[in-house]
Every structure is written in structure tokens, then in C-alpha cells.
């Protein structure tokens, strides 16, 4: 169990470290894979059919479809080059680690969990979420923001599946659909931005002020 | 009766003042009846009226005269209660005089000459600054008497220090109001230094006579106010003969003082007048404080 | 549940309300009549219909303000009144000036209303009802600290509407911009609703709780008197001049009201009633003669098309009736007997005198005599100011082209003016009668009966120890004056008269350029009060070459103290803060997301603080 | 049953454009449909007790009915306003006919998802619905496909998604907390009943996330940053929908969670947070309104202000505060839509959105100008319009609670905003109209919309209908002010 969680966190670190869009997507795929494994593990442990289906959906969407979609975008928009950093990877890594520490401390201080594993996975997911947000803040390109967003969602799924043993089934499905739709819409907007501005550097989108 | 007395002897007082001044200057000077001669002369002279003027100009003199006559009715002379004490009391005197001044100032503006405008501007300036001092000084005395009724005031027997101070400030006000040196100079012939004279510059003949008479009476009113406030001997014991005598003596004394001041100080610049009147205001305020302290 | 406040119309027609209603209609009626002629001259039929709609709405809202019986309905009527008057201020909506004036006016009055609202709601906390009567009962259980706060709030709010210094700045903007008949209503009546508020909510409902209330009002009133009249002296726009005089007269009214509050606290009912009467009397007087003056000013404006008195003159020949009405109004406002302004100022002065004759402490005695002095000074300055106004507008020769081909105003305008002229005189001569009426009003407000104290205009005395009373009978004054004047005419008449030029020192062509100007007239005052006005001059040389100056321009200004040292810094502060905050919305989405990040972090860290 | 009507009608209308080709006909059908929806919701309001939540999927009580009613009012007027607006857009070649049909599709999806929010029983599904509103409206924000609109849409969708993610996080934590005490479904009612025994800290954390998340959507400062961009760039009827009701749906969601939280940890926690955020929002909006140049952005900031006012009311709490806040929700929806429609007309007429150069609206377009100035006075809280009363109620609650500092700040900011709005708009409204500009004639539908909304503001202010009063009162009871 722990190995998956650690893997997820490591993957988010690599996402923070990533200099190229492709590597970002790849590490996201890896993270989703670990997430899938974690969920699968939970499913086996709890022997709940719903969690199996959820895991399957994870595999389908987050490991296969969405990364493929993203890399399509990358290829179409020809932007394998750098993803535009506000902070250099090492500093961001430090911050990411710090975030992990904070969320761990916070979790252990404030909340009392049934089991240590729950506490650990909660802190892990919290840190993953935070790191995803961090990626959204400190990466310039639109696509990297999308990936950060997806990373945050991974964190959420981690909580949902591991800590609280899976949400009600149709809720999960709905959320999946929602995520998928939103990613698609993000993609559409990325295309539009690229068409209008001939770049997807959203840090340059600052005409609307005051 | 008494008011008629005032109106009649009013010009003579100005004559006396002139006499005193001349004597102090080692001159003979005109007799004390000279003002009467002037009035009569003006009264029968032909009147020249500017064609720019309106009805304001022509009714102003009579209003002025009427106002001072009414004011004269309100002043206690040598009996306790003035004739028109049903009409009002000393505040009314101030306001009535203001009425006359208002119309005179308008008349000064009416002809459209710059002297008239200058005169009325300065006149309103001085009088508006003088008003608080006048009111407060009389009020200080009424604090002593415990009433604002003039008759009652002048029947108050004890002479207090505060009332002397009040009388002093009232004297300064009177100097300002009756356009005497150091505020104004009645005898000047240079328009730019005039205040009152400049305002009535356009008047001639009978109207001028009215205005002159009015200013004499006004001066008389102030003097008798001072007299009855400073030393309410006039009504001591109610012996009418004694009262009249005392009153006349006081009036003579005051006019002597005024004349002495006129020859002994030089005329002020217009904007020093502010300090002069502020000083009189402070004195009257001091008088109030003193009288509250009970002296 | 749900109806926390009932917006049911409940009225309270006690003497105070009736008094104010009568004031409202006394001024609104002639102004409405006047407006017939006034509007027809300037505006299109649609605009005229609009104006009539607004006028009726305005009058109704004012009537509601003074007659409703619940604080909530009062608040609503109050705001509607402000709204309608705003629309009236921006009536000439094409002009940038009137729009700006409207903004200043509405913002000021709204800030005032915010204070009033807060005060009401704090009272409502104790009463659990907006009804006047229950508020009055609740004020008994209010702790005095709360009472003080409520008083300050109400004073600020109503003072803003009444235009007492330093909340007066909207007044000289708003009043001149409205059409003249509206200016007369606004300046004559609307600002009085502020006084109504103070009387109704402070004296009647809250009850005078501590000494400093009245004293504070007295101080503010004195300041308002002087500031108003001094600015009026410096002002050359006729309608602005009148607006500043409204500030002054509000000060005089409040002198009466404030002293009555002091006496109520000192438990001297007789004096309290008396000075309240003085205040109310001046209130109605000011309504009448200020309305009259504004109507006349409007007549002059519509006849000549300018409000700058430096460019007017000689109108007494062109429009005699307007001149006469203006003269009456001017005499009244400069407190000349036997007109109404004189009566009320006389009453106020008497109140001060008797007060300091009978007041307990020496400090109060001196304080009151100072108030009297201020009032006297104000009266003198006002007289000077109106000599200037009347002289420059109506007397001598026209100072520019515009007044030369002026003509007398139309019939309806004349009617409006004459109506008010009549009341100006009537309120002066019928003083005794009016006094008796106002006594009823004042007694009902202060809710104390003074049957014991002998109190009538002729011969009133407050304490037994007093030697004898003082009298005033304006009819007798008028009678004697008239008699003497007639006597003079009958006795002497006038001997032969020769029309000739004005004395010109032998200068051959004396023209309107030689006339004394308003600026020149007010110069002595400008120099006397330079510590407050801070006059400064600007000279400008239009030169052809370095050596040859074609013309030389010399202007003199006065510093608007309150705006410069009170309002501009405040506004500047607000704007700098806003400009600083602008950086929040920098346009960078990363920054936006980081806001969320920071917020959540802060919240989590300080979670247990909440 | 009619709940289903309310949901079905927008759905039908959403698929309609694929059949009907004429934009005008579409618009008319649209408005008719929403009139029907409005009537249905009115029926709900009139007979709240007859409502039975039809399935395990829906949950309807007074609170949701109130919000449904608000939404239906604004959607109806927006639909009616769109008819003319889209017509003019087409005739002036801003958009193609197909684009117009796309507009109607998204319009309906958007409103459908908004109708979902107050109906669903399950909190997570509520979250899904709100996310759907974001996604649907993103297209409408970026509708004109210009640089600025796309930029606005991107910011809108990104910021809101981040916020919404936090909201989901909070929801999951709520779920965890409730599952610890055995409630394994996310149904609101069950969670409320179970809330006493939940873990306080967990609930607190969860509520923080919920507040920040949905607060982003509701436009609370400092998470408000997407709002002015989206509102100003969106196509105008949609701006009305956005600020009129979209924010309100987020508020509704927050309210649902607040009830659980108050049950669990007591009301101080939430009310303190509400007051703090509300005051921040008021301050921020005041500052930006004062220096604002564009009309629609100014209106957007004033929406932030009013959201702040609403939260202030919820924070002050008590019967009066809650009542005032809910009342304010309705008032703001109505008034702000009126204002946005007015702004839409004005901007169309002047072809620019810079208040420093627009002048003389009253003379150039009398009807819109009049409505706009009246709406302005309604917006800045002048009687006899309704907002005055709700703001008065909220102030009353604050002073009644003895929160003098908060109330004082509230009054201060309100006064600032009053000044700012009055200053900007009076410049625009009065003055001389640009020469050569003809007087505008508005279409009948537009006039109907304006008059409908205006009458609503006045009626709500002076004579609130009893049934509405009743529904608000019972919602207050649900919110625990009793």
C-alpha cells in the first residue's frame, strides 16, 4: 500500500522537476498508474466490486485516454520544448517537499484517523493536491496548468478511494464524467488560445486588468 | 418731551465738541450754534439729485431721520422709563440704527459713483464690527442691574467698575458710529479719506439737512446711553431738576472727552479700525467678566 | 415572522408636525405658482411636465418626512426626498456642473443618511419597534453612553442635510444648480427637515441627556453663522450667495434650538421654551424670506441670463417689483425692524441675555454672551452682504450688456413673490400672534407646561426676582416709523430739485466702469477675515514683447478651508488606497490561483482561531 | 412532478436548436419555455407543502424552492432579452446564425445545470452540477471568440476549476467524517441528522475547503479574480445570468454545508469566516468600483460587493440577518439583471465600453436610460427599491448582535460604493449625447423585460407578497435561525 502512495508522491515530484512538456505528461501518466494500483489494492482489500470498476475507469481515463489526448495536443501544437518555469526545478522541488511536510504535520496534528495508513494516505493526497496547485501556479503554459489540475484531481481520488473507502458509486461515475468533460473542454480552449495568440503561454494573457 | 429735548439740543452738542476742539487748538472757532445755521442753510438750498438714482435715494433721508427719532424715543434721559418702552428696548435701538444705516448705504451705492460705493462699503464694515461691542457693553451693565430693561438699568444706583469699563467700550463704539477721529474725520474734504461723508456725498439741500440732523441725534443717543449707563445719577432720588442738571453735565463732560480725543490722536488707517473695534469688544467682554465676578 | 418592520403609513400630527407642514406649504405654494412663468420661459413642454411631476413628488415626500410616526417610514420618505431633490438638482442635465453638483449632494446626504440609519437601528435595539412613541419610551432605558453615540450620529446625519459647518459643502453646489423655484424650496424648506430631525429625534424622542449636547450644537451653530456669512460676503454668484446665507441662518436657528437644549438640561422650562420658540420663529422666517430671495434671484436670472452680480446693475428701473420684493427680503434677512427676521433674531438675543442673567455658572454666562456677540456680528455682516447684493444687482448703472434689455417678470412669478412679501411683513408685524402659536408647538415638543411663567412677546419675565420685563411690539415700531416719515413729508415735502450727473470730480465721462464693484465692496471684509479666508492673488501678463505688456490680468481668490483641509485629503486617501489595490487584479492567472492557495493555507493554519 | 418540468423544459430547449433553424423563432420558443418554467417555480413557491421529493435523487425544501424561484426569474428575463440581442448581433454580423443556435444550446445547458444545483439530494452531485455550470458557461464567456473573451474564459474556467477542486476535497472530507459515523451516502438530510457526532476538526477543515472552493465560484474576495473578467467579456444576457444566479447557486451549496457545520461545531465558526470574507469582498469591490472605467466590469465588481453583503447577512445570522441575506439574494438577482441588460443596450448603442467617453445616455436612449438610472438607484440601496430593505435588515442584524465594528465598516464601504457608482454612471447618463447619434428605439421584448424586472424591484421593496415572505421565512427556519 505505502509503496503506491510513495510512488504517487515521487511522481508529483518528478512533475515538479519536469522541464519538458512530454516528461510532464509522462510523469502524470505514471502517477495515474500508481493511483490505479492503489485503488486496485484497496479494491482487493475491501473486495468491493464498485472499487474495481472505479479502478478500471481510472486506468481507462487517466492512464490511457487523457495522457494520449494531452500528448496529441502537444504534437499538434508542436510544443515539446520547455514548459516555461517561474521557479527553477530545484527550488520548486524544495517547496514541494516542504508542502508534503506541511500536509503531513497538519494531518497528524489536527485530525485523528482510524488507522495510520489512513492518516498517511490522507497526508499524501493532501500533499499531492497542494503540489498540483503549485504546478498550476508556477508553470506558465496552459497545458501544464491542465496537468496540474489533473494532478490535484489525482490527489482527490486518492482520498476518495483510500481514506474513505470509495464514495457512493454513481457519484464516482459522475465525477469521472465531469473530469473527462472538463479536460476535453480545456483542450478545446487550449486550441483556441493557440489559434488566437499563436502561443499557449497563459502568463502573457494579462490584458484584462483592474 | 425728553426725546424732543434730545432732538433739539443734538446739533448743539456737535457744536460744543467743535468748540472744545478749537479751543484746545488755541482757536476761537465757530459758535456752538453753528450746526443750526448749517442745517437751516441746507434746508432752504436747492437740491441736486443725480439722474442715475432711484427712489431708494430719495426716501433714504426720511427713513434715516425716522429711525433715529424712534431710537431717541427709546432712550431713557432723566426719567426712569423711556417714552416708548412698550415699543422695545436697547436691542431695538441698535437694530433701528442699523435700519437707517442700511438705507443710507444703499443710497450711497445708488448714484453709481465710486466714492459712494467706497463710503457705504466702509460704513457697513465698521458698523458690522462695532455691533457686537455695542451690544455686549450694554449687556454688561444689564448684568449688573439684573435686567435688560433700560429704564431699570439706568435706575440702578450703585456705580460699579464693570459699568465704567462697559461705558468705555461704548464710548469707543460711539466714536466709530458717529464717524469721529480716529475712525473717520467729519471735517475732511478729501473724498478718499471719507467714510460717512463719502457715503452721503451725493446728497445736497434738504435731504442732506435731514441726514446731518439724523447723525447729530444719533450721536446724542449714544452719549445719553453712555451717560445713563456710566453714572445713572440722572435719576437719583427722582428729583427732576437735579436729574436734568446731572444729565446735562454728563453730556458736556462726554463731549469734552470726545473733543479732546479728536484733537489728540491722529486718524487711523481703515484696517487698523479692526483692531480698535476688537479692542472695544474685548473691553466689553472684560466688563461682562468683571460684572459676573461682581465688581 | 418576516415582518420585521411594518411599512404601514402611520401619521403623527402633533403641533410640531403641523408647524413644519405649514412651513412646507407656505413656501411650496408660491414657488409652484412662480414656476409656471419661470419654466415656460426656459424649457420644453415635456421638461415642464417632468418638472411638475418632480415638484409634486418633492413636496409630498417632504410632507411625509415631517408627518410620519415611525422611524422607518421616516427613513424611506427621507431617502425619497433626497432622491427627488437630486433629480431636481440635475434638472438641467446637459450641464456638467449640475451633474457634478448632484453627485456631491447625493453622496453627502447619503453619508448623512447612513449615520441616521445607524442611530435609528441602535435605538430600535432597545425599542424593538420603529414607532416614535415606543422609541421615546425606550430612550428611558438606554444607557447614557449609547445615548451619546446616537446623538452624535443623528447630529451628523441631520446636520449634513441642514448644512451646518463642516458638512455644508454640498449646499453651495446644489442649491444654485436647481431651477430657482426649487432652490427656494430646497433652501427654504428642505434643509429645515434636518432641523426637524434634530428637534424630533433628539429633543422629543431621545430627550436631552447631558450638558454638552446643547453646547456642541451651539458651538457648531456659531461657527456655521460666521462661516456662512463670511463666505457669502466673498461670493458673487447671487444664488450661491443666498445658499451661503442659508448656512448662516441654519446656524441662527440652531442657536435657538441648542440653547433650549441646554436649558432643558438645566431644568429651566421657561427659558427652554422661549429659545425654542426663537429658533422655530427664525426657521419659518428664514423659510419665507429665503424663498422670496431665491424667487427674486431667479427672476433676475431669467431676465438677464447671468447670476454674476458683477455684471448686473440698474435693474431697479427695469424690474421695479422684483427690486421691491428683493429689498423686503434683504431687509428681513439682515434683521431690520419691523420685518420678521428682526423679530426672531431679537428673540434669540433676548434668550441669550436672559439666559446669562439667570444661568447658574459663570462659564455659561460668558458662553451665552459670546453667542450673543456672534449673533450680533453675523447680523451686521449679513446686512453688509445684502447692501452689496442689492446695490450691485439693482442700483446704479448696468455693468454689462446683459441687464440693459431686461424686462419685468411675468405675472405668475410676480404673484409668487408678492405672496411671500406679504408673509415676510405679516410675520414681522403679527409677531405677538405667531409667538403665541409657536408657544404651543414648543411646549408640546419639550413636553413641559410653563403656565406658571409669564411668557408673551410683550413683557415676558422668567424669574420672579427680575425687576421688569422687556417689550417688543413691531406694529408700534412700524407705526412710529411710518408716522415720522409721513410727518417729514407733510411737514417739509421737498423743495425744488435739479437732475444732474453724479459728482465726477470733473472727470468728463462717468460710466459704469467707474462704479464700485462687489469685489471692491467686500475687500475690507476680505482683509479683516484673512486669517480664515486666506486670500491669494494671481497676476497674469499678456505681453506682446518683453518690453510691451498688452494687458494685465489680476485675479484674487480665497482658500476654501474646509474643502482643502478636510475633504480633499480624505478623497485623496481613498483614491490612493484604491489605486494601490488595483495591483490585486494584475491580469496574471498564476497570481489569481496563488490567491486561492494562500487563502486556503492561511485558513488552515489559523483554523482554530475561528 | 413539476420539478421534472422545470428540468425537462430546458433539456428540450437545449436539443431544439438542432431542429429549429431560425434564431428568432428559437429565441421566442426559449422565452416561452422559460415563462413556463417560471410559472412552475411560482407554483412551487405557492404550494411548498405539496412538494414531495419525487425520488432518491431529488431533495426539495423551502430553501431550494427559493433558489429555484430566483433562478427561474432571471433565466426567464435573460431568455426574453436574448431574443432581440441575438437578432441584433446577427444583423450586425457579430455572429453567424449557427453560432446563434449554439448560443441557445449552451444557454439551456447552462440553465439546466443551474436548476440542478438546488434540487439534487446528494451533495457530491450538487458539486458535479456546479462544475457543469462552469463548463457550460465557459463557452458563453468566450462566445465572441476574441482575444480578450478567450482570455477571460480561460481564467474563468481555470480559477473556478481549482476552486471547485477544493470544494470536492471538502466534500470528500465531509463524506469521510460522516462515513466515520456510519452515514455512507452523501445525502444532505442524513448528514444533518448525523452531524452531531461527527469529528469537529474534520468538519472544520472540510468547511474551510468548501468555503474557499465554492467561495471562488461565489465570487468572494480574494478568490473573486475571475469574476470581473468573465462578467465583462460574457455575452450580456449571460452576464446577467452569471452574476444574477450563478453566484447564488454556489452560495446555495455553501449554505447546505454551513447547516451541517453549524449543527456540528456551532454557528460561531462559520459566521466569523463569513463576516471576514464579506468585509474583504466589500472593501475590494469598493476600491475597484471607485477607479473603474468600464461599465460591465463595474457592475461585476458591484456583484462582488453584493455577494459580500449577502455573506455578511449570513454571518450576522439570527432571524433578521438570515432573512435579510436571502431577501438580498433575490433582490440582487433581479436588480443586477436589470442593470446588465441596460448596460448591454448602452454598450451596443455606443459600440464601446469606456465610461470616460460615453455621455448623454438619457437623451440618446430615453427608455433604457430611465430604466438604467432607476436600476442604479435600486442597486446602490435607495428606497423604495428592494435592496434598501434587505441591506437595512442586515445592518439591523449586525447592530442587534452588537457587532459594531463590522456594521460600521459595512456602512462605510456601502457609502463608498454608492459614491463611486453614482459618480461614474451619472457622468454616463447625463450630459450631451454624441452629435449625430439618433434616439434609440428598443424592441417590445426588451421593454417587457425591463418593466418586468423594474416592477419586481419596486414590489419586493414596498409590498412583498405573502407567499414569498412565507417561503423565505421557512428557509430561514431551515438555516437554523429560529
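Lettered A, B, C and D in written order, each chain numbered from 1.
Operating definition for what follows: contacts are C-beta pairs under 8 Å (C-beta built on N, C-alpha and C of every residue); 3 or more make two chains touch, one makes a residue touch a chain.
Just so it is clear, the structure is predicted and the values come from calculations on it, not from any experiment.
Contact with chain B and chain C alike is made by no chain in this entry.
C-beta contact counts were set side by side for A-D and C-D; C-D has more.
With centres taken as mean Cα positions, chain B sits 100 Å from chain A.
Chain centres here are Cα averages; for chain A and chain D they lie 31 Å apart. Put simply, the C-alpha centre of chain B and that of chain D have 78 angstrom between them.
With each centre defined as the average position of its C-alpha atoms, the distance from chain C to chain D rounds to 44 Å.
Chain contacts: chain C has residues 582, 585, 589, 593, 596, 604, 607 touching two or more partner chains.
Not a single residue in chain B touches at least two other chains.
Residue positions of chain A touching 2 or more other chains: 110, 133, 136, 145, 202, 205, 207-208, 210. The full set of touching chain pairs reads A-C, A-D, B-C, C-D. Those residues of chain B whose C-beta lies close enough to touch chain C in the complex are 43-44, 46-52, 54-56, 58-59, 62-63, 65-67, 69-70, 73, 84-89, 91-92, 94-96, 98-99, 101-102, 105-106, 109-118, 120-122, 124-125, 127-132, 134-136, 139, 142-143, 145-149, 151-152, 191, 201-202, 205-207, 210, 270-271, 274, 281, 285, 288-289, 292-293.
Contact residues of chain A toward chain C in the complex are 86, 106, 110, 130, 133-134, 136-138, 140, 145, 202-203, 205-210.
Within the complex formed with chain B, the chain C residues making contact are 313-314, 316-317, 327, 331, 334-337, 342, 346, 349-350, 353-354, 356-357, 362, 365-366, 369-370, 372-374, 376-377, 379-381, 383-384, 386-388, 390-392, 394-397, 458, 465-473, 476-477, 480-482, 484-485, 488-489, 492, 494-505, 510, 512, 514-517, 520-525, 527-528.
Chain C makes touch with chain A in their complex at residues 582, 585-590, 593-594, 596-597, 604, 607. Contact residues of chain D toward chain A in the complex are 122, 124-125, 127-128, 131-132, 135, 138-139, 142, 145-148, 150-155, 157-158, 161-162, 165, 168-169, 172-173, 175-176, 179-180, 184-186, 199, 201-202, 205, 228-229, 232-233, 288, 291-293, 297.
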